[in-house]
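Two complexes, one shared chain (subunit A), two partners (subunit B, subunit C).
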Partner chain A sequence: MANIISIENLSYTYPESESPAVDNVSLEINKGEWISIVGKNGSGKSTLTRLIDGLLEASSGTISVAGQKLTEESLWDIREKIGIVFQNPDHQFVGATVEDDVAFGLENQGIERDQMVREVDQALKLVDMQDFKNRDPQSLSGGQKQRVAIAGVLAVNPEIIILDESTSMLDPEGRETVLSLVKDLWQNKGMTIISITHDIQETALSQRVVIMKNGHLVEDLTPAQLFVMDDLKQYGLDKPFTTLLKEKLNFDPEYQDEEELISKLWKLN
Partner chain B sequence: MEIKLNNVSHSYESQNPDAGLGLDGVSLTIKDKSFTALIGKTGSGKSTLVKHINALLKPTSGTIKIGDREIDSKTNNKNLKPLRQKIGMVFQFPESQLFEETVEKDIMFGPMNFGATEEEARESAKDALKLVGIEESYLQQSPFDLSGGQMRRVAIAGVLASNPETIILDEPTAGLDPVGRIEIMDLFKKLNKQGKTIILVTHNMDDVADYAEYTYVMQNSKLVGQGTPKEIFNNKELVDSGIVSLPQSANFAKKLAEKKYVFDQLPITIDELSNMIKEQLENNG
Partner chain C sequence: MDKLIFGRYLPGDSIIYRLDPRGKFLITFYFIGIVFLANNVASYALLLAFVLFSVYLSKINIGFFIKGLRPMLFLIVFTVLLQMFFTPSTDPLWKFGVLQLSTDGMVIAGYILLRFVVIIFISTLLTLTTTPIEISDSIESILKPLRYVKFPVTQVALSLSIALRFVPLLIDETVKIMDAQRARGVDFGEGGLLKRIKSFVPILIPLFVSSFSIAYDLAIAMESRGYKDGEGRTKYRQLHWKKIDNYTVLVIALLTVCLLLVRSY
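Moving on to the complex of A and B:
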């Protein structure tokens, strides 16, 4: 598979900080891959994604997106390829209506009005929010707000979506709807998904997990490998629920997902 | 200090009281020194409700009794300071409200605002920082050089420094990694044991199951349920209608009960779940 993102020896130090927030990181992300980035608060996850989107300028190292090297000249081209959905849905609205808000990104690209209306409608349909297009974004629930934010990202038709803890503020139902939407975009539109999360269960949706610690990329593994790691705590992660339960029940330590554990318990009883 | 809401309604448009009520006839009692959780979907009225408890919002009708103080629609905005000192409020993402040059100054702001001398405020800042588990050496640092989890704790220390009797927490752990989350929740548990009333607004049902003694459920600006966490998560009506979601242990038990296992009451913590499974395996297996 072709790489959509290539990162080589990337470092970044915040002004007035003594140690680098991202320290000599190299990472290849395949096109169409769903990759999770995990690690404690302050481990460098968000800084890394801001570097990829050119919101921060690297101190050293290179980033290429879809074969194009990130430079001052290519910055705007590259940003069109990447959509970021942030953590707090209340911090990302600019429009007075849902429709205006989704159109904002397109207006920036100087697209004709007719085409714009079509693309906004289509994006809202994809996230199943077309019935809300005349509503004030502030009147929506958290999950609805994040879906509108995703529509805003989809309207500019990016190849890569970065979810920066996008579900961490949502109620359980809102979280569910956002994750199933992302799953759908990944499966049916072949998008590359980069998901920053603290939720170990959420990483199970992805194909690959990288762990960051003190600015370094320290592990690159599958969710199944992550789930049986010994000291998840040092990476700011909880043990998976099934692992905790098996420990309490004194079962063998090999990883089983919920379904497997339930059938085992049925057999035993 | 007991907190009692009596038929409290709140209209965001006072000219047109029927247009969108933020609270609709809510009556409830929060017992002194209790750990009370307030749950419900986004937009259900939880945050509106807690803003009434420290008089950031006043009821359009109904009364709120906080200790011996009563608040209604006519309550004057003056003289609310003593009340607000007793009721500390930790908002969502409290670190976004940090503003001073040093951690110490930031934490001292609350006590000084409530009339403490500089010396007293400095002392309170030191104690509060210790309480949230951050070393004293950070006092002279800029709060903006801290990590996200540390900033959250400094912001919480700023509320604790005024020594409130009641602490309202609006999603205090959103965005923290699980390790940071447990540290913060254990801190509130400790404060509760020391005699503080804790009111927790949260979407995290595991936190409700693990920490709360009593739970109120909001839906469409109305109070629709109350009870111990065990009672709430075993309330079929609330759960089946999707108003309340379940903690992980209850969810697991529900799936397990599709075959062979029987739970009279759904377990809500992992210890309860594992004990109930063991029991059934010993009896039948």
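Moving on to the complex of A and C:
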């Protein structure tokens, strides 16, 4: 599979800080891959994604997105290919109504109004929020706001979606709807998903997990390998429920998802 | 916060709601200007009739407009009393020191009262029937010519609409901070004026800090969605000037002519 993002020896230090937030990181992300980036607060996850989108300028190293090297000139082209859904749903809502907000990215690209109306409708339909078109953001739930944020990102047709702890402020129901929406987009539209998360269940949806610690990339593995690791706490993660249960029951330590575990439990009877 | 009628939008639908906000905005200001043309009973009656007819067309309960007077009540009463008792007259009905009551004084006071009522009613009508975002769009559209003198019209309009969009969020934030401070024992309702003002400092500082952090997040989000500097942007929300808006302009022109005819020179 072709690389959609390749990062080489990337470093970044915040102006007011002494140690680098991202330290000599190299990472290849395949097209159509769902990758989770995990790690404690301050481990450099969010900084890394901001560097990829050119929101921060790297101190050293190179980033290429879809074959294009990130430079001052290619910055805006690359931003069109990447959509980011941020953590706080209230802090990323620009428009006065749902449809205005979805149109914001299109307005920035100077798209004709007729086309905008079509694309906004289509994007809202994809996230199942078409009935809320004229509502103001204050009247929506957290999950609905994040779905609108996703619609705003989808409207401009990106190849990559970055979820920057997008579900961390949502209730379980909101989290469920947002994640199933992302799963759907990933499966049916072939998008590349980069998700920064502390939620172990969310990493289970991805194909690959990278762990960051103090600005370094320390592990690159599959979710199944992650879940059987001993000390998940040091990376800001809890053990998944199934692993905890198996430990209590003294099952073999290999990772199983909930369904596999259920069938195993049935056999006990 | 709910009591404030003046400056609040009331969702609804009527001919007044459907008028182009640019027209409504300009006509309101124009009307406030021509109020000062009126100088006799007939001209004031004309203004009042126009305002009441507009209120009728809006299908909004007149109670909302009367409530709109409330915040201005002190100013109105004060001005009216001032006119009533301090208008100099050669033939006062009643006199006590510098105070005097005369027919002239009472008539002028009545005019002042009417002036307040029509001005407040018409501006309440504008804000009740026009969403803040429509008003900000109108301002953008009206200021458009200033682009030629390098005034950043689109940027200012976007800031304005974002500011409006964040008002409810900041109110939520304020309530949260107040609750947090109350939990620490701050009492906002007690003490003298100075003490009460002082108790707002622990609200303002955290509010200020959190506004900055919201602004930072929003700026990052906007940039990630491709916002550059407002140049070359298209607009999703569009205003449409319709036939009915032409008629409204005609009506207001007619009103001006009538006013000029019936006022005394």
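The rule we apply is simple: the second predicted complex is superposed on the first by the 269 of 269 C-alpha atoms of A that agree within 3 Å, B and C clash if a C-alpha of one lies under 4 Å from a C-alpha of the other, contacts with A are read in each partner's own complex, and residues count from 1 in each chain.
Keep in mind that, in the parts below, a residue touches a chain if its C-beta (ideal position, glycine included) is under 8 Å from a C-beta of that chain, and two chains touch if they have at least 3 such contacts.
Nothing here was measured: the structure is a model prediction, and the numbers come from that model.
When both complexes are superposed on subunit A, subunit B and subunit C occupy overlapping space and clash. Of the two partner chains placed by superposition, A:Pro15 touches none, neither subunit B nor subunit C.
In the overlay built on the shared chain, the residue A:Val156 is in contact with subunit C alone; subunit B does not reach it. Shared-chain residue A:Asn88: touches subunit B and subunit C both. In the superposed model, A:Gly67 lies in contact with neither subunit B nor subunit C. Look at A:Ala96: by the touch rule set out above, it reaches subunit C but stays clear of subunit B. In the superposed model, A:Met169 makes contact with subunit B only, not with subunit C.
Looking at the shared chain after the overlay, A:Asp53 reaches subunit C, while subunit B stays out of its contact range. In the superposition on the C-alpha atoms of chain A, the part of subunit A touched by subunit B in one complex and by subunit C in the other spans residues 88. Considering their complex, residues 16-17, 40-42, 87-88, 141-143, 165, 168-174, 198, 200, 233, 236-238, 241, 244-245, 248-249, 258, 262, 265-266, 268-269 of subunit A touch subunit B.
Across the complex, subunit A is touched by residues 131-133, 161-162, 164-165, 168-169, 214, 217-218, 220-228, 232-238 of subunit C. Residue ranges on subunit A touching subunit C, taken from their complex, read 50, 53, 55, 76, 79-80, 82-84, 86, 88, 90-97, 99-100, 103-113, 116-117, 120, 137-138, 152-153, 156.
Every residue of subunit B that touches subunit A in the complex is listed here, in rising order: 41-43, 92-93, 145, 147-150, 171, 174-180, 203, 205, 242, 245, 248-249, 252, 255-256, 259-261, 270-271, 273-274, 277-278, 280-281, 284-285.
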